[in-house]
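Okay, so here's the structure we're looking at.
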């Protein structure tokens, strides 16, 4: 945190690990880094899984009636009854993956790689690693392990703080 | 962002599009604007639907065991099994709509209108519009279209930043 | 908000009331208070229930495919179909409670007590109390009742603002 160049700083707590909610933190991180900000991401709770070497992200329309896919010129939601049928969650994931690819949007893996290349600082939450029994060797290289105090220290020095 | 009057600035990323989660951003926006703050709302992901001319918001108790409605002096939650039955999601929406009306709380449409009248600046996320194939003509008048860089620019100039 | 000692200030909007999402605000609050920050928590929407004298928190894997419990050296998620079966939500709650206890992590009740002892300021949202018909006598002692304007006032004076 030397910040010799007076750059503004963005610090994010990343708590969600689904395909859709993985996008906001990585898009914000890469955009901010490209604009010259110093960026720190603190991965905790379900967000910690975004640091795994092998990502296996999915979405679920369950409990989110606002998730509607564009189909045949309309926006179609999924009734909760359908969403619990085995395979329908996987179908929603495939639909969203296809939509993302068709629209030329980068994958989470690509955005994560770009974030690391842009020197975005990543911190893996120690307590979450203990709680959910994740090992550092399952994670990509780059992140350091830290706790809530590490996050608070960073946040007090950041102009933009977001809990995602 | 001239900010001649030295007003404090609040900037929010609005990512959720259900009836319940639509309230926090609009209540904060109208309250802050009434207190003299300059407010910017960046609508992205499921939150983008809150800019549609015709709102059709609903709630789901699915996956949110903390959602409990006051009934007959008690607080009743809904077992997940019930919530997947067709019509029960709609019933939860109706119950919450009735509760909101009975308590004299403004509708999202009314709060949105008040926000626009208070000169709250609204930005519709370009990437989300492309991804979910929403058209500017389906949106209310007022919002401009912008990307993550527009948001970051605003955020660096805001005293309060929230990801909702 | 005298802040004679030039302490940095952390202000959080706490909106979720499940067992898992109750942790981030209380861990951040107690950690920040221990580091000398002045902390304010504004409890609103489903988060208001975290102020109840008798906590009865649960989790649901529904709609959160990223929730995976460590079992027999693997990480097991729960198919949505299983999660709607009566009792399975309760089982997920019990599993997470056991995991938390086994790992020696403090309970929400303990963290809440520690937060109060650390002079974390707690505000219960007036509108939510009216909407969901919660009474101040059902709440723990300590929190004051306030509205969105009280929150905004606090937020304008805080270096770190988070919406959780």
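For clarity, chains are labelled A, B and C in written order, and residue numbers in each chain start from 1.
As a convention for this text, contacts are C-beta pairs under 8 Å (C-beta built on N, C-alpha and C of every residue); 3 or more make two chains touch, one makes a residue touch a chain.
Computed from a prediction, not measured in an experiment: that's the story for all the values here.
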**Prompt:** Residue numbers at the chain A-chain B interface: does the shared fraction exceed half, giving same, or fall under half, giving different?
**Reply:** different
**Prompt:** How far, in degrees, do you have to turn chain B to put its CA atoms on top of chain C, rounded to the nearest 5?
**Reply:** 120
**Prompt:** If you average the CA atoms of chain A and of chain B, how many Å lie between those two points?
**Reply:** 21
**Message:** I need the residues of chain A touching at least two other chains; which ones are they?
**Reply:** 62-64, 83-84, 161-163
**Complete:** chain C contacts chain A in the complex at 8, 10, 20, 23-24, 27-28, 31-32, 34-35, 37, 62-70, 75, 79-81, 83-84, 99-100, 103, 105, 159-164
**Message:** Could you list, by residue number, the parts of chain C that touch chain B in their complex?
**Reply:** 13, 15-18, 44-46, 49, 57-64, 83-86, 88-89, 127, 130-133, 147-149, 151-153, 155-156, 158, 161-163
